[in-house]
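You will see chain A twice below: alongside chain B first, and alongside chain C after that.
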Partner chain A sequence: MSKIEGAVREVHRMESLAEKDQWINRIYPLVKLILTIIYIATVVSFGKYQISRLLLMGIYPIVIFVLGEISFRDALRRLRFILPLVCVAGLFNPLFDRQIFFYVGKIKVTGGMVSMATLLVKGAYSVFASYLLIATTSIEKICFSLRKMHVPAAFVTQLLLTYRYISVLLEEAGRITQAYCLRAPRQKGVHFKVWGSLTGQLLLRSIDRASQVYESMLMRGYQGEFRYVSARKCKKGDWFYLLAWLAVFAVLRLV
Partner chain B sequence: MHMADALVSPAVAGTMYAASTAAAAYSVKKVRNENDVKKIPLMGVMGAFVFAAQMINFTIPGTGSSGHLCGGMMLTALLGPHAGFLTMIGVLLIQCLLFADGGLLALGCNVWNMAFYGCFLGYFLVWKPLMRRQLSAGTIIAGSIIGSMLTLQMGAFSVTLETLFSGITELPFAVFAATMQPIHLAIGFVEGCITAAVLLFVYQARPGLLKGGRGEETSGRFSYKKTLGILGALALLIGGGLSLAASSNPDGLEWSIGQVTGVEELEAADYGIYAAAENIQNTTSLLPDYAFPESQSLFGTTFSGIVGAVLVLAVCIGVCCALRFFRKKRLK
Partner chain C sequence: MERRRIEFKDVSFSYEAGQKVLDRITFSLQGNESIGLIGANGVGKSTLLKLMVGLCPVTEGEIWIDGLAVTEKNLPGIREKTGYVFQDSDSQLFMTTVFEDVAFAPRNYGLGEEEVKKRVETALEMVHISHLREKQIYKMSGGEKKLVTIATVLSMKPSLMLLDEPTVALDPGNRSNLISLLNGFTFPKIITSHDLDMIWDTCERTILLYDGKIQRDGDTREILQDRELLEDCGLRLPLRFAEAEGVRPSPA
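Take a look at the complex of A and B:
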């Protein structure tokens, strides 16, 4: 499967996950967004040797994964994007920080090893939290939350449009590269002689498409902002969900 | 160059969020002032285009490896710095949410490192001065390559600084910078070449689409005072934000207790309900004081802490599975 096909499949998979009718999907989107940001901020606020306390923060993803019946394997696959950079940053910690912390049998566990492990756990937890947000909340609902937070309509509208057109343009880019590959067998990537024309064609088509999109939006009564007809209000249960988790985070962080 | 959440401290993330938000607010104002209703759909579709184009592998001649398109310079050349910046934020946000490429907390850093430098500095320092002189194939190539290399260098240096200020890595600053900068010099050159190829094609097919030509108005340029004002505000913001991370004083609660009682932690009374509670706790606790019983090692507490944490997580998984099991049983 090519990179583009993989990306299209991922977009569709996330969409179908977010559309599921589960209790976690029904929670007010703004509550989930705020909670995710606070959770990640709490996780990264732990010191580099505080791995034992940091591990306890795993309670949040565990509860949501298990009770929300969300695939943990898919979340694990997402670690491949962040682990390389995190590893580069943490790889040298064991070399520079050689203070011995404890022994596991005859193996010396140094401060550098602990700090590197802390870094990896932080990276994993924050990826899981973001995954749980997007697996239970559609981009439309996140955009609605952003509007509730008074993020300007111009930005939110273009974000929504970008998201809507990602799968369309990805499929188009996929078709172009597939056609190119069929005409240029045994060649890895696009030859430098056609860098400009191949991508440029896609670009010009995208610009033409943008003007068609604008005209069709005008036909449907677009006046500068999308309306969210089905948006519901924040209920007591949502508030309870937020406050309960905030209390858990506070206990895990401060006690 | 997408930074993960684990690489930034809350203070650095907050500071960079503030700086990026300020730049975004300014850009929204400028886009609104343009009063071009067609621009929003164009920004949306262009964001999707950058996303799709970044998935195409471009073969680098003679190396066997491949490069990708530089989104910031491309967008700033086609949409202008403000609309380009907002579009890049959208792309980075979707990359972060849908593909875990970059973190939600580190989004402020990523926006600054990739979108701000690419769109604002790339446009005002490189693209616009070159295009104002002459819009030609030569200036487009020079603008794309110099712009991409410069902005990627600044972005890579910012990654180094942000990681350093976050206290994440033990790697000395000089070594980290010496690793990051040369790699991104090469990446910047390749990305600049790809961007130049695409912009050249656009220049030949529809030259009116490129921004920064001689005919454009100049009212959008930063004045000297305005630039100084923005830099001063950023310096205050960054200084104030980062000082939060540098404090070694006791936290608010410890400080307050210390002010009232003279000690930072209070001793519990050894009678009545306190003693009974302590007795129960001592009897039931597996790892008293986060250490194995009779363990005197200070660092040993870390190991016992890990064991404790793993035990708690195991209990948590068990409870959740039990809850799910009973819920499913009830539904049946």
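Take a look at the complex of A and C:
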């Protein structure tokens, strides 16, 4: 399976996860979105040396991973994209902040090391929380929640269509590279001489596909505003879920 | 006399200046007729359908759908009553599950969730795919996707249906299911296709396009048995007649 096919499958796999009929999937999407935003904001608000208290915030992702039967390994895989960036951001902390905090055996643990570790934990928690949101909530429901939060329609529609067109783009890229590979069986990858024409083809074909999708939307009454989610009312249970977690976050952050 | 549902008056269209794809097309559809629109590749069949719903702009001539001129102002009304089934199902289906996709149009028309559900259930029952309700689109076969595209249109309760090459890439079983389904619809239809046997089975009237013009407009039975006419327009007899005459389809 090529990398592109893998990426397409990954997009579809996430959609399958979001469509599962688990209790966590059934929670009102706006509640999950608010909770994710507040969780990330809370995590980020910890001081750079407050790692021990920050670690306790791990309770939220752990509980959801366990009760929602969501693969922790998949979430870890996603960290590989973010952690290097976070590492770069915190790379100089150990160099500039050499104040010794404590010893582990004979090893000096400096403030820079602690602050870098704090940064890494914050990054990991934020990725986990975002992953949990998209693994339990479809893109349509996330967009619905954003609209409920009065995020402008133009922005939300842009977000949704970008997401939709990512798979269109990937599928077209998959077809083009497959056709290329079948006619260049001895080559490893795509030769740089044809990168230009393949990219051009990809762009043109993606625009064509995207226009067809858009035409199909127009034919079914789309007029610039998506109405894509069943108008299920937010129930008491949803509010209780939100309030319970907010209470936990408040305790962990303030006490 | 029956009401004119669709009327084309001297409609011409070109994608590039000086190269007319359609040239002075005039015809009307009355009552609940089903019209088969046939012609060789690139003759303008799909363009003609797109003109009817404003996906291509009418620059010359007039088109009227149920008493509404096809103009920018009337497009929402025209599109609401016109079900358009695209040739490529993958382009028509863009939501995650069958239910969400079929519900897309009713929700866009602002219907309440109960009504949306009712419409989706009815549309899925009409095409006999209620069991696929929660299935994800990307996991479906070509035949299933085609049925879902028809359901997405039926949920709008259209009063007119346009189908662009509906039998492309369908296996014989799915193809004959689709034909029975189309024959069960009581509203008028315009079907473009190279599958002349399907046109024979579903349309009482046929319009043959050639070189951007209407070459013949009349009874399907007459047109589809006129070998000379079909061959002059780059087509061949429907397979049922070719086989009856012992003519094997050319492998080329």
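Everything that follows uses one rule, which is that the second predicted complex is superposed on the first by the 227 of 255 C-alpha atoms of A that agree within 3 Å, B and C clash if a C-alpha of one lies under 4 Å from a C-alpha of the other, contacts with A are read in each partner's own complex, and residues count from 1 in each chain.
Just so we're on the same page, a contact is a pair of C-beta atoms (placed from the backbone, for glycine too) under 8 Å apart; a residue touches a chain by one contact, two chains touch by 3 or more.
Not measured: the values here are computed from a predicted model.
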Discussion item. Is A:R164 touching anything from chain B or chain C once the two structures are fitted on A? First, second, both or neither.
Written reply: both
Item to complete: Look at A:R209 in the shared chain and tell me whether it touches chain B only, chain C only, both, or neither; answer first, second, both or neither.
Response: both
Practice prompt. Would you check which partner chain A:S16 touches, where first means chain B only, second means chain C only, and both and neither mean what they say?
Written response: second
Discussion item. In the overlaid three-chain picture, which partner chain does A:M217 touch, first (chain B) or second (chain C), both, or neither?
Written reply: both
Discussion item. Contact-wise, after the overlay, does A:E140 reach chain B, chain C, both or neither (first, second, both, neither)?
Written reply: second
Practice prompt. On the superposed three-chain arrangement, identify whether chain B or chain C touches more chain A residues.
Written response: B
Discussion item. With the touch criterion stated at the top, can you tell me which chain A residues are shared between the chain B interface and the chain C interface?
Written reply: 139, 164, 209, 213, 217
Worksheet item: For chain C, which residues count as touching chain A in their complex?
Response: 50, 53, 55, 76, 79-80, 82, 84, 86, 88, 91-92, 94-97, 100, 103-105, 107-110, 112-113, 116, 134, 136, 138, 152-153, 156
Worksheet entry | chain A to chain C touching residues, read off their complex | 12, 15-16, 18-19, 138-140, 164, 209, 212-213, 215-223, 227-228, 230-232
Item to complete: Going by the contact rule at the top, pick out the chain B residues touching chain A in the complex.
Response: 2-10, 13, 24-25, 28, 31-32, 37-38, 40-49, 51-53, 55-61, 64, 66, 69, 78, 86-87, 89-91, 93-94, 96-101, 103-105, 163, 167-172, 175, 193-194, 197-202, 205-206, 209, 290, 297, 299-300, 302-310, 312-313, 316-317, 320-321, 323-324
Worksheet item: Can you list the chain A residues touching chain B in their complex?
Response: 3-4, 7, 10-11, 14, 36-37, 40-41, 43-45, 48-49, 51-56, 58-59, 62-63, 66-67, 69, 78-79, 81-82, 85-86, 89-90, 92-93, 95-97, 100-102, 104, 109, 112, 114-115, 119-120, 122-123, 126-127, 129-131, 133-134, 139, 142, 152, 154-155, 157-166, 168-170, 172-173, 177, 187-192, 195-204, 206-207, 209-211, 213-214, 217, 224
